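Should a chain be cited, it is by its letter among A, B and C, assigned in written order, with residues numbered from 1 in that chain.
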Amino acid sequence: MKVVLEDLTKKFPVRDRKGRGDVTAVDRLRFEIPDGYLIGLLGPSGCGKSTVLNLISGLLQPTEGRIFFGEEDVTLLPPEKRGIGLVFQNYALYPHLTVKQNILFPLENLKGKDKLTKAEMLQKAEETAKLVQIDGLLDRKPAELSGGQQQRVAIARALVKMPKVLLLDEPLSNLDARLRIQTREEIRRIQRETKVTTVFVTHDQEEAMSISDLIVVMKEGVVQQIGRPQEVYDSPNNLFVAKFLGTPPINVFEGRVRGHRLYIGDDAVLDADSVPDGEVYVGVRPEGFLMRETGALSCRMDRVQVMGRDISVVSANDAALNTAVRAIIGTESEVTKTAASAPEGSEIRFDLIPRKVFLFDRRTEKRIFLEEGGQ
Amino acid sequence: MDSVTCEKKIRSRQREYTPAVRVVTYALLGVWALIVLFPFYWMILTSLKSYSAYNGEYIPKLYTLSPTLQNYADAFTAVPLGRYLLNTLFFTVLTTVIMLAVIVLAAYAFARLEFRGKNAVFVLFLSMMMIPNELVVITNFITITDLDLRNSFTGLILPSVTSVFYLYLLKENFEQIPDNLYYAAKVDGTSDLKYLLRVMIPIAKPTLVTVTILKVIECWNSYVWPRLITDDERYFLVSNGIQEIRENGFGRENIPAMMAAVVVISVPLIVLFLLFRDKVMEGVSRGGTKG
Amino acid sequence: MRHKGFGGSLKGWLYLLPALLFLGVFMVYPLIDVFVYSFEEGYNSASQTYFGVGTYNYAYVLRDPYFLQAVKNTFLLVVVTVPLSTGIALLISVGLHSIKPLRNFLQTVYFLPYVTNTLAVGMVFMILFKKTAYSDGLINLLVTRLGGNSVDFIDGPYWAKMFVLCFYTIWVVMPFKILILTSALASVDPVYYRAAQVDGTSKLRTFMRITLPMIAPMIFYLVITGFIGAFKAYSDVVALFGTNLNAAGMNTIVGYVYDMLYGDSGGYPSYASAAAIILFAIVFTITCINLLVSGRRLRR
């Protein structure tokens, strides 16, 4: 089922000392989720992503705009008529019901032509339990399950009535790190098997990048960028998106363009043929540095962190907005030895890989595209 | 040494009192236990003494060698004790059930639903907790009299079917149930009423049990309102019955038979208490004063 | 997330309707009405007519010797039983807290009076204390054994009757106080005791300086509820002295209200209302004073 959001806006009334007013949680949201896609709704807390989810679910009514499931306008439909499955961060399992009763619960509400016999319900519940691999736990109470198992039950409960759209609200944030990775793979597998259109809300960019077909990055109720995870990472629309995606985070420098050259401090680091003169922010991905004695960018060595396959060279630069400039360098490289042996405070030099460098307008923070080599 | 045994050692250390202190402590506790238990012992003992044996004792005996159940037979035949008990049972069950229905619905509205004026009404309800029964009983007496409901169960029950305090307890409990359960149920097409019955009530069961027990105790012991509203023996509750027995029953003062009646009246609640000891004590400490 | 009801305002009010109805008829309306009654002079319940409006009812009640006797009895009862019962309950709770064997059993025993019918057990107290032609009663037996003179506690001198009443009242209110105080004592974090022990603090000092301040809020709570409860004493008095309390000289304010309303001396709802409002004013004032005092103490 394709899901279309058309100019979706949600305002919440607020009353405080200054009087009444509105807070716009979601501002003219417009995008389309293709059928069968898993889409990651990503942003810092308070960016309106959960509101979007609640608008799609029907728990909230939009102030303006419309929502379509396929060709059907569902904007005014109550949640139960939309055919959605919803999974909550804290699972929201009914504590007094067993796993089986929890999964059966949505089926018992079906009325009219959808009504199922007891046997059909049981069969469906068992199939779904098998799908999420909790078929051995059907008679337990939620309190007797681990966090990961509870999450699977919650997913089973959401899936059992064959929803047109599955909505997951921060489904992994109550799990510990190891379980989180395992469960997100599990969600991906289940989604692939059922081919149900899925919206996954998270503030964890790694989580979203690793399992989504498309990610939607939001900030303060406004969509910043939509695209395949790698596209968005490789080509962020603005400084916010660039900073939000990637671990370790992108390094940002204050720079300027003079006579088609890009300067960081006094170092001319790259050609910038098509860019007019002006102040810019320069974002450099950690993997965008090449350590060379003849490198264009000069930094002061701080320390080296060895992280198995790679090492990360931490240094300082006066033009950098981050307190530390972090460069990730493969250990195969010959320079490693030199780097590791450079004393603290000594000068080290980097060349920058052009496709890992992004320029942003200093005022609007929008991307200024470098036209280089056919890209 | 793991921390648990360590904890135990520290605790046992702490309990080291001198023998003299221990003796005094146990003596004090023992004396109070005796004061509490003695009236119960005396009522059972007296109820087992025969009428003539009791009246023959100028110096009361602390035991009896010839117990008789005759007094119990008298209590049920000479005065309508059975009727009093049935009345009280009927009154208690009906009042409690209606009250539960009323407060469950109201607590649900306060805890779960959004509507205009909710907060104002809730504050109004809360302020009613401070109104003593003595102030409203006068008008209620006149209202029930005017409605011609004296000497009827309707008149007995109606003013007792709401309790703001229990409503408050329940509302607090309902509010602890996570919102997400409600949203999950909504998404699955559960109606408000079904959600209340299938999810909220089962989860809030411990509080409901507490409220039920407290209300049952309150009903079983209620005296003032039934006394005002009934003067027909057929509608007497046990409290009024016992007062009636004392003032008019059993011809001459038949103390042993009276005590038999007292035992019969006291047993149900004591059994209830012994069965649900922890529930009762927890409930009372959360919000009951006697009366 | 704030949530708008699916079905609007009406549903909420519908769920609230039974409670509103009952509270409106049996709480709010009577509360207003009782004030109205108290100012209607010469109200006749049969014809539902009255002569005029004024404070005559209050003046009558305040001059009525029965009411003054009731006020005296009630105040005496309050002044004696509230401090005594709270003090004894504290003593017993501390004792109970310091022992391990028998603790559960004793807690159960001490709670029994709470679940007994006040009227029923009051009768047992009556026969224990009563002196009749056939027998002096068990308590008098004890009194004479100890070298005193037997006295009829139920129909005898005022002090004797007052003694039984106070004794029974304490017996009745103790379970609640013991329960509250034992749970308050149990909730004091043992870490404080350990700290005190490390500092070599004596048991008594530990109790006075650590335990008592920490359970003080609960003690004040008991004192306040104790005052309110004792001012409303009625059914335990009836249990001991019968329904004709004015004749026994043992009436309480609440008893006076009911007697004015109903029974042999009844039929005067206006006087009853005035007396009830006076009672409410007394309880309210004393509760406020209590709260002020305890508030100041606790803040210090």
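Going forward, a residue touches a chain if its C-beta (ideal position, glycine included) is under 8 Å from a C-beta of that chain, and two chains touch if they have at least 3 such contacts.
Remember, it's a predicted structure, so these values are computed and weren't measured experimentally.
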### Task
Can you figure out the chain closest to the middle, judged by Cα centres?
B
## Note on the structure
Of all chain pairs, the one with the most contacts is B-C
### Query
What is the chain whose Cα centre is as far as it gets from that of chain A?
C
### Query
Taking each chain's centre as the mean of its CA atoms, how far is chain B from chain C in angstrom?
16
#### Entry: Inter-chain centre distance, chain A versus chain B - centres from mean C-alpha coordinates, in Å
57
### Message
Suppose each chain is reduced to the average of its Cα coordinates; what separation in Å results between chain A and chain C?
### Response
63
#### Entry: Two or more partner chains touched - positions in chain A
59, 78
### Message
Quick check: what residues of chain B touch more than one other chain, meaning two or more?
### Response
183, 186
### Query
Going by the touch rule set out above, which residues of chain C reach two or more other chains?
1-4, 6
#### Entry: Partner chain B, residues of chain C touching it in the complex
1-13, 15-16, 18-20, 22-23, 25-31, 33-34, 37, 45, 88, 91-92, 95-96, 98-100, 102, 106-121, 123-125, 127-128, 132, 134-138, 141, 171-176, 179-180, 183, 190, 193-194, 197, 203, 225, 228-229, 232, 234-235, 238, 242-243, 254, 257-258, 261-262, 269, 272-273, 276-277, 279-280, 283
## Note on the structure
In the complex, the residues of chain B that touch chain C are 10-11, 13-15, 17, 22, 25-26, 28-29, 32-33, 35-37, 39-40, 42-43, 46, 55, 57-60, 101-103, 105-106, 108-110, 113-118, 121, 125, 128, 131-132, 134-143, 158-159, 161-162, 164, 167, 179, 183, 186, 192, 217, 220-221, 223-224, 227-228, 238-239, 242-243, 246-247, 253, 255, 258-259, 261-262, 265-266, 269-270, 272-274, 277, 280-281, 284-285, 288-291
### Message
With touch defined as at the start, can you tell me which chain A residues reach chain B in the complex?
### Response
57-59, 78-81, 84-86, 88-90, 92, 94-97, 105-106, 109-111, 157, 161
### Query
Taking the complex as given, what residues does chain B use to touch chain A?
178, 180-181, 183-190, 194, 198-199, 202-203, 205
